[in-house]
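Please go over the structures that come below.
Shared between the two complexes below is chain A, which has chain B as its partner in the first and chain C in the second.
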Partner chain A sequence: MSSNSELDNFVGLSALLTGFAASTLNPPLSPQPVAVEYLAFMRKPEADVDPATLERLLATYQAIALLPPAEQPAQVQAQVLTDPQIGPLARNIIRMWYLSIWYDGYQSGGVSGFSPGTVVSSNAYTKGLAWDVMQAHPMGYSEMHYGYWADPPEAPDDSTGPGAVEEGSTA
Partner chain B sequence: MRLSRLILSALITAVLACSGGGCTNNSPPPPATNSTPALSTTASTTDASVAPTPPPGTLTAAIPHDANFSDNPQTLQSVQHDFDVFSWQSFVALNWPALPDGSPDTNKVLGADGDNVTVWDSYKEPYEVFLPDGATPAPWGQRQLPEQCRNLGASGGKLLQMTQKVSDDVLDVSGQPFNTGPLVDQQNGRYARYEIRINRDTFDYIVQNTLYNKEGQQTFTSMVNFPSGVNVSPTNPNTPVGSIIIKAAWKVIGPAPGDVPGRFHKVQAYVYTRATDNPPTKPSCELKTMGLVGFHIAHKTKSAPQWVWSTFEQVDNVRVGHNAPPGTRANFFDPNSKYPVNTPPPRPWNPDAVLLPEQRSQITRIIPIDDATAALNAQWQGWLRSVNKDSVWQYYELVSTQWPTQPQNSLTGPKAAGEPAPPFLANTTLETYIQGKTPNVSSSCIMCHNNATTTNSKFSDFTYLLERAHKKGGGK
Partner chain C sequence: MSEQKKYDVVIVGAGISGGLAAYKLAQAGKRVLVLDGGPGVPPNRGDYMERFYLAMAKTPESPYPTNSELPNDPRPVVLEIGSWQARPPTGYLVQNGPLPFSSTYERVGGGTTWHWMGTSLRLLPNDFRIQSAYGHGVDWPYGYDELQDWYCRAEWEIGIAADVEHQQYHGLKFWNPDDPARQQPYEYPMPEILQAYQDKVIARRLGDITLEGQSVSVSPTPQARNSIPFDERRVCAGNTNCIPICPIQAKYDASIHIGKAQNAGAEFWFQTVVYSLDVDAQSGRISGVNYKKYETPNGPATETGTVSAAIYIMAAHAIETPKILLNSATNELPDGVANSSGQVGRNLMDHPTQLSWALMPEPVWPYRGPLSTSGIESLRDGDFRSEHAPFRMEIGNEGWNWAMNDPWGSVNALVAGGEFGAGLRRTLNGLFIRQFRFGSLVEQMPLSTNRIVPSKEYTDNLGIPRPEITYDLDPYTRAGYAAARKVAAQLFAQMGATDFTSPNMSSASLFFYEDEPYILNGAGHVMGTYRMGTDPKRFVCDANQQAFDHSNLFLLGSGVFPSVGTANPTLTIAATTLKAVDNIIKSVLK
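Let's turn to the complex of A and B:
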């Protein structure tokens, strides 16, 4: 079980890694928060994540989070993605967010879409960010209305990129 | 129960703002009922001797237009609670004693007479709206019975013809996903019956936009968008209640052992069975005493463009509920039966048949009612009992309320369902055989109704009713 601060650090780091707003990655009222599932999955033996490496990754982010927001992406590039230990882990986290899959053998690099991996959960399967970017849906699960394929996709919303809008709560 | 002095003070203020002992239809729900009860019991442990008086203004005939949200910052649990309170307020108001014209009798209190004719009894049924010849429906307040029922006299209060949640009429055009099997009660061995009702806002929208026939739907080029309920405010006192669609499940109430009529809302109903080929049966109509066992309320509100989905059950459906006299039997479960659980009866399915005891439904609830909702149920059941110890309404429980946690999501985008909470919700009498937690398979009100379309395959705003439209002059 992760503490709130761990989860907050994981979501904050993920926002910088994926380009999606933290409130999109972990909506405050979500009944099935996939961020919680992802962090818990990385703690499982089958994920083969060295706990110390994960701790160092989150601690590195925690320090970066104290910097002005405009400086944070460059610092993630410099301090995280170029690091030989936490860099590959961060890249696999990006893959997990976009594709809902935790790929094996990420430590040595060279992971591709054909590498073996694990779909984190049935809930995660429906929530890969790749589908949001494409305005599409995973095979076998769709919330889009019948006949949507006859219409052009909606313009991408403002949930990605440096100007990502923090979505408010619902009710 | 724990109510702070502050909340009580707010309550009194709210009550003083209402006249005649109850708020008007345009008044927002009293805020004090949003208080979280401190009870941690389940509904089945409600003590018969404890019947706390409800805070004044709690039991009212005013249908809430939308939920009132109490906590800031909101949490999943607090908003769920607010929607559950909205559900109970809706249940009370919709079942309020009705005057002959269908409006609530504000001189009465729900349950004071034990049982009563309800407000929603006057709502329109789909067969009255989507006529076989595609004609304009009769005005609000008129009804038409099938020929087989007309010679049974005028004593029937309603017509029950569906043996599954979606009528035969619709199954012809929408395939088999809901044809999962009938439900048979333990006491009488008879099929449960179903009905759907729509309120005036829904009816008016359909009529005004000619959505009651295929030609009208074809020429309707906008996206179907039923009216939303909006809470009143000082600057906007005349807001719509919004579209409401009700589905109800009924079982035969007989002299059979274990059937306790005083625990059900009852009606005298025409039980109509259409002619079928397998098994070969002729159309028939019986006048029967029926007891309410399941009750869905779908309500479109400003805070929930994906609608709010409340579902109630009679407390004895899958186990004997609270305060039951000795000998009471569960409606759809017999602990001594060896029939497999959550399994439809053997085919062929004949709605007129009386099934043998060993073939009757053995139904269990797959997802339990959560503790917070159970505590709220105990609170409201106690309040209903305080009106009258013989009130039938104390024997109903809220299973849960499903609502969109991301209601702002585009209805034409990839996340149109708005991430419903809870993700899965089933009533054991209405989604009996599709309970569970499998995405896109198990019962989820919003996820399922998100797929509803008109007869020309356009999104129909979370209702399948528009699929029932016929061509002008007749035919599909």
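Let's turn to the complex of A and C:
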């Protein structure tokens, strides 16, 4: 597997896991592609990722990617998230994309917002998907201008997103 | 003595009080030396920002040197509160309970203004006479009218954005300090900060509602952040990060006045930790300040010395200042410096903060703008103050960030619950964009048993005693806390919002009032401990903030507040500091 296709597999899998389009997760021409950082971080010893488990996760995705797009989420659920090895790894990848954090001890479950871990980098912090989901900006990293907060955000969400809150949806 | 130079004034502490005092005194031609235990103001805030970005918990302290990095000048941190009962203590403060004191402060150049919210409300006229008006608390030695001019000057010195017409409630009056006839209108230096979209949704949904005999309304908050360029600083870009750090210094912090004081000729010694004062036995005057200097943040003291001046000003905030005064005990003064009343270190207060959080039926778009742009000030005063403590309700612009550690809390909870992909994204979106919270800052009554003393058991890296704290909430304050919770629930119901407030029953900050559980939160407002008044037997300093016991010792900061009202204290700290320093310049050092 070439490193390019491994990155593509990681981004493709991440798109299914996060609900964000691959082109949003890894925009072409991005000067500091966070997907590359995330994949590299998972190979560091402190990430405590078994290379064979990561290999199997990406291979499982490769097979799922051959299915019609509409069938893919259910197969991620069935083949990835319920698996005792690659499931916890996939869930930590979701957390990493949303929060820019790699949580320790993810294999055993029980990770919460107060669990120990590592913010992958300051670049990653500013690219956490949680901030996009709330249609705001990373706390401490606004690229907007005075007074923007007096009105709702201009775009409800990006084209792949759910848009504004649905009637009757709850926490 | 290692210092031969003669100073008119030595100031201990380079926060907002010390910075303002140094600036005004140096401007008046006085030879000023400021000692501060922490590192100086960094050339840029890049290192602080990087530490913030990489911090797992974005606490108020997260951008600044940790206690492991800077053991020579440690300070309390939010993350130590949960284990306040541990022995030996795992944090800086030695806490005796029965409740944990839950506010923290910084010990770096610029002090705690690095991570203050910037809220700049004035105390109300009745806050200065709470005992006379309501039979609770302690009256100030002067009234609102005597501080009004100094509030104006502080607002211009710091740079406050507000419109007078929106601030005239509960008897607050504004007049131009340069017009003794009080006919000239007063204006804040900057137009008020635009209110967040959510503030307007809340105001619309509340409509006309009366609670506790008060008509309840949403007011724009006076804020120390730029709505237009001011003092060569840029306008607020809505980083939603005033606490723990404004990335662009659109929010005032005391590094501004440290710079101005330096330009005016004041000298600053950083990494110089003051641990006691000397008293001349003959005259009773302070004769020197004892300090330890260090070169490396975790290395040994490289110099121990004493520095002298005509006037001494303590501006080390309401825990470190009494710690130093009490740590100055000698055979001649066994109770410490400035402590013939026995009141130094007593009456430690905070604004215990009741958090209530809810989901609005429609989007309110939080996590945008300054951390707070509006508040409900309606219940800061009223006849109910005879029965329970008043409170102001800060409206947070950070969703459930404080209340539930979001976005980290909800993302983790949903992922652990099996959500992923588009469903996860949709659920999070629906949750985040409707979140809001009230933080009700309750006036805490002074209790002489709430106190800070230098620990006899535990010291810091330089061998200086650490603060040991005994702390509780009195029934009147608890009743105010309960009332704040009840009012928040009523307002949620009025707005059609879903109340999600639930106390964590395993919290180390749990307390009860009339059998109902509440969680104690600190506001970061450390107050009391060397209060001013007219009676030397009951107070530490007089209305000029001059110690009753030592004519050349002055005490600045929120430690002098006899009672604390419900205004966030920094503006009143600045106003009282300017007033006290003006007296020093005109009457003491003339």
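Methods note: the second predicted complex is superposed on the first by the 153 of 171 C-alpha atoms of A that agree within 3 Å, B and C clash if a C-alpha of one lies under 4 Å from a C-alpha of the other, contacts with A are read in each partner's own complex, and residues count from 1 in each chain.
By our rule, a contact is a pair of C-beta atoms (placed from the backbone, for glycine too) under 8 Å apart; a residue touches a chain by one contact, two chains touch by 3 or more.
Quick caveat: nothing in here was measured; it's all calculated off a predicted structure.
In the superposed three-chain model, the partner touching more residues of chain A is C, compared with the other of chain B and chain C. In the superposition on chain A, contact is made by A:19 with chain C only, not with chain B.
By the touch criterion stated above, A:59 is placed in contact with neither chain B nor chain C. Once chain A of one complex is fitted onto chain A of the other, the partner contacts of A:154 are limited to chain B, with no touch recorded for chain C. Once chain A of one complex is fitted onto chain A of the other, the partner contacts of A:78 are absent, as it touches neither chain B nor chain C.
Of the two partner chains, chain C is the only one touched by A:116; chain B is not.
Touch criterion not met for A:67: it reaches neither chain B nor chain C.
Judged by the touch definition given at the top, the superposed model places A:145 against both chain B and chain C. Legend: residue contacts after superposition of the two complexes on their common chain; A:130 is shown touching chain C, with no touch to chain B.
Contacts of A:30 after superposition: chain B is touched, whereas chain C is not reached.
Residues common to the contacts of chain A with chain B and with chain C across the two structures: 122, 125-126, 131, 135-137, 140-142, 144-148, 151, 157, 169-171.
Of all residues in chain C, those touching chain A in their complex are 49-50, 52-58, 194-197, 200, 227, 235-241, 245, 247, 359, 362-363, 365-370, 373, 397-399, 401, 405-413, 415-416, 418, 420-434, 498, 500.
Here chain B touches chain A in the complex through residues 67, 69, 73-76, 79, 82, 303-304, 403-408, 410-423, 438-440, 447, 450-451, 453, 457-459, going by the rule given at the top. Chain A makes touch with chain B in their complex at residues 27-32, 122-123, 125-126, 131-132, 135-137, 140-148, 151, 154, 157, 167-171.
For chain A in complex with chain C, the touching residues are 16-20, 73, 76-77, 81, 90-91, 94-95, 98-99, 101, 109-119, 121-122, 125-126, 128-131, 133-137, 139-142, 144-153, 157, 161-162, 164-166, 169-171.
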